[in-house]
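Accompanying notes for the structure given below.
Chain nomenclature is as follows: A, B, C and D, assigned in order of appearance, with residue numbering initiated at 1 for each chain independently.
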Amino acid sequence: MVREIRPSDNAPRWKRAAYSVIFEADTPAGRRFDIALFWTILLSVLVVMLESVQTINQQYGPYLRVVEWFFTALFALEYLARLVVVRRPLAYALSPLGIVDFLSIVPALAALVLSGSRYLLIIRTLRLLRVFRIFKLGHFVGEGEFIVTALHASRFKIMVFLSAVLTLVVVVGALMYVVEGGQNGFTSIPKSIYWAVVTITTVGYGDISPHTVLGQGLASVLMILGYAIIAVPTGIVTAQMAASRSTPTYKQVICHVCQATDHRPDAEFCWRCGEKL
Amino acid sequence: MVREIRPSDNAPRWKRAAYSVIFEADTPAGRRFDIALFWTILLSVLVVMLESVQTINQQYGPYLRVVEWFFTALFALEYLARLVVVRRPLAYALSPLGIVDFLSIVPALAALVLSGSRYLLIIRTLRLLRVFRIFKLGHFVGEGEFIVTALHASRFKIMVFLSAVLTLVVVVGALMYVVEGGQNGFTSIPKSIYWAVVTITTVGYGDISPHTVLGQGLASVLMILGYAIIAVPTGIVTAQMAASRSTPTYKQVICHVCQATDHRPDAEFCWRCGEKL
Amino acid sequence: MVREIRPSDNAPRWKRAAYSVIFEADTPAGRRFDIALFWTILLSVLVVMLESVQTINQQYGPYLRVVEWFFTALFALEYLARLVVVRRPLAYALSPLGIVDFLSIVPALAALVLSGSRYLLIIRTLRLLRVFRIFKLGHFVGEGEFIVTALHASRFKIMVFLSAVLTLVVVVGALMYVVEGGQNGFTSIPKSIYWAVVTITTVGYGDISPHTVLGQGLASVLMILGYAIIAVPTGIVTAQMAASRSTPTYKQVICHVCQATDHRPDAEFCWRCGEKL
Amino acid sequence: MVREIRPSDNAPRWKRAAYSVIFEADTPAGRRFDIALFWTILLSVLVVMLESVQTINQQYGPYLRVVEWFFTALFALEYLARLVVVRRPLAYALSPLGIVDFLSIVPALAALVLSGSRYLLIIRTLRLLRVFRIFKLGHFVGEGEFIVTALHASRFKIMVFLSAVLTLVVVVGALMYVVEGGQNGFTSIPKSIYWAVVTITTVGYGDISPHTVLGQGLASVLMILGYAIIAVPTGIVTAQMAASRSTPTYKQVICHVCQATDHRPDAEFCWRCGEKL
């Protein structure tokens, strides 16, 4: 499903060179570009953060806003360059990375209408994931893939678990609303559900907490349940990871006679029909 | 122990057809019925939730109540239909799903006497579990069973663990009641036990917290204990899940020609020399 | 190290009979005794709890106190009976169960001097563990042993882990005391250490929380650390449990020729010297 | 990379003797030195703690300060002795243990300028790790190494995980700042990020908590995410620990007489028929 965005071999030479600088990190120029991008993103995120601090905003607001527009312009230019350089602009624009690149610019424009949206520029942080490759990360990519693979393999189990948790949280939330009688912060069912989530995940802000004896009893049951069922997602992911580590990797050769796959790594003959592999 | 509720083969034709629509999702009609039910449940739960929000209730209360009664009537009709269609109405009514179906109607009637009980209609959420089959869930059912099986296999261990936690919580609760001298929210032993549950599960609302030096010391010990023993249920479930996964993958047959072992479970020929096993 | 407390075979007959009733649950009489004890303990714990609730105490205080003394007298009699019946009274009195039996009486006497200590009678809860055998618990004992064995096998790892956590908590506590400048609840190093425990265990009451920017940054680091290192005790216990499950149990027979142990469970010959076992 | 600091064999005899007393615990004198050091450290840490408690400081402040200076002088002398005794003073001074030894003295001097820094003397707690060897800790060292090895082997996975958490926390923090509109404690993006850390780690102080419906919804999602992804570091460490434990236990040799397999790794004879393997 990954659509090739690298320029074809008969694309103009400058395009292929620019692509390798902007999109890859194999050449010295490409590496330098990525490192520059890395620091630019970090700085621009820092500027957005500082701008949100009132005391700093009051003193340096105008300067910060200029710097912010400078960074936004830079990223806009970079985005255009990426669009020009790739083989299929639309494929890039609609890829996850392309969407993040786009979202890193657009809040600045939206801020002309709705002031607060400027702070969403912080989504640029996600762009850091793109340039992680500048670190020595043969390791990191592999390890990241290990985690993602394990999570992906357990996605159905986790969804079943989350469905059960959500159902539980809705039912307990309504129960607490009735038990506490709309008092003590349990002012509506949605709010009681929010409380149930805060409780079952063991976050426990304490902004809402039961005051009746029955409510505290029910809450205790929910807490102990939450404490026990944390074991479920942990068990799922751990068992998956442990299994990924110890699974014998099969030889991915297809028998030309019976089409059997999954031969032992050291197999010389097909396990199903006995034909020489 | 599962008692067959599907109409026998010599039941009238309309009954068998109705059963397959209402109880199954294999036919297009059955699927459509389940999808309609799914949205009806979601909507009716939403209405109950909205009704509990005061500002919404004040404005749209009467309308919401009409809609709610409409849904309740619908579910009552559906319940009757299910009773009529099954082979043994009592077996259905006493099955877990049948009880949930019943409890999805009854709070509306109870609300005529006790107003607050109306909100318990939210128990309809549990009915969603019934119609989960409308999604592609060959996967989901299997994964759900995997989780349930693992929990079932560890039920004795988890009960032992919970007994130990309960005993600990009662003893520490009473101790804190004595140490804090009935002050700082520790106004009775049951309340102190509630605090101990809040603490050992790491929820930590902060509505009750120790103020004396001795109390804070004791609380610290309880917290670190709670932090450490979370490992126990997690370990139990994880070890169980890991064990369920690891099945013997090799056939323990020795090739009579080359004496190779560790063949695939379904192998018919030796992977090393190709001889018939 | 377990010292035999069962009366010797030439003890008077009534003593052996009484022992089997009081200490064992194999005979119908022994079972009845244990069941009676079970309910007596539950009731007496309930009475202590109720007594601590002020509104109940004001109304029924005198009655509850009478009932409590009745139960205490009962347990005192039972303790005496146990002392009389066993072979070595001192061995019983100093065994863990004997100490718990003793502590279930003594707070009532201490209460004559220091009123609050009466509530420590709740330690009777621990006696419930003694009579768990009245349930069908071939299972429970085995499962409990599995958990205890796993924890025992990991005790050194857990102690190393706890030492590291304690050191971290002390250092971070002092650091926060300096950073927050004795303000915002961080009024002394011991109190700051209490805060650090509350934070690293993810309990988070919120009775003390950092207000300075530096303090919040440091707290964030501590939280993420606490979030990550919860993995350590969990990993230790889980790995231990998984290993206990899959470890091949060896035949505990010593070869009479070469003294080798750890033979395969189905071994007929010594693995080291080939001698018939 | 470990540079040898033990005096060479042709160093003066007193130096070698002093080294074995101060740095090692194999001789009776060395053990006595370590035990004395252990108690000195504990006492000096206790003094620093007591000094930070205001009520105690007001009464015994001057005495405590004298004791503190006495301990500091002692540790300074010990540090000098270590410098004199080792082969390469610089190598020792720059080793982790050497740095900790140095940091255990320097805050006392810094306190002449900046009063609060005196409390950093508590860093002496870390020195306890040095003298842990005085306990029987053949076990402890091994177990500690097991934990450290497992964490070291999973360091890349954990860093990937932490990068993902940090990115998530920054983005969600900014989102909440916009959603709550700078109200309810979300006064700046850094503060909102602090809140996000408090929430995703399930600490949940409650000093900042969302009040808008949208904010509470977003917070619920974050909490459930935090609840689920705790499974990731746990899975990583557990799978690593489980893998380190599972060593191949059987010898894959086939007995030429009875064709039995799965012999002990060090077996010389067949366990089934006793034949020489």
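The rule is simple: a contact is a pair of C-beta atoms (placed from the backbone, for glycine too) under 8 Å apart; a residue touches a chain by one contact, two chains touch by 3 or more.
Note that the coordinates shown come from a computational prediction; the quantities given were computed from them, not determined experimentally.
Visitor: Using the touch rule from the top, work out which pair, B-C or A-C, shares more C-beta pairs.
Guide: The comparison resolves to B-C.
Visitor: Considering only mean CA positions as chain centres, point out the chain farthest from chain B.
Guide: The most distant chain relative to chain B turns out to be D.
Visitor: Which pair in B-D, A-D or A-C has the same interface as C-D, with over half of the contact pairs matching by residue number?
Guide: A-D
Visitor: Quick one: compare the interface residues of chain A with those of chain B and tell me same or different, with half as the dividing line.
Guide: Under half shared, hence different.
Visitor: Cα centroid separation between chain A and chain B, in whole Å?
Guide: From the centre of chain A to the centre of chain B is 28 Å.
Visitor: Once you find the CA centre of chain B and the CA centre of chain C, what distance in Å lies between them?
Guide: 30
Visitor: In angstrom, rounded to a whole number, how far apart do the mean CA points of chain A and chain C lie?
Guide: Inter-chain centre distance comes to 42 Å.
Visitor: Give me the residues of chain A that touch two or more other chains.
Guide: Only 161, 190, 202-206, 230, 234, 236, 238, 242, 246 qualify.
Visitor: Within the complex, which stretch of chain D touches chain C?
Guide: Residues 45, 48-49, 52-54, 116-117, 119-120, 122-123, 125-126, 128-129, 132, 139-140, 142-144, 146-147, 150-151, 158, 161-162, 165, 190-191, 193-194, 197-198, 200-207, 230, 233-234, 236-238, 240-242, 244-246, 249, 262-264, 266-276 of chain D touch chain C in their complex.
Visitor: For chain B, which residues count as touching chain D in their complex?
Guide: Per the stated touch rule, the residues are 202-206, 234, 238, 242, 252, 254, 259, 261.
Visitor: Please give the residue numbers of chain C that touch chain D in the complex, ascending.
Guide: 156-157, 159-161, 163, 167, 170-171, 173-175, 177-178, 181-182, 187-190, 199, 202-206, 209, 213, 216-217, 219-220, 223-224, 226-228, 230-232, 234-236, 238-239, 242-243, 246, 248, 262-264, 266-276
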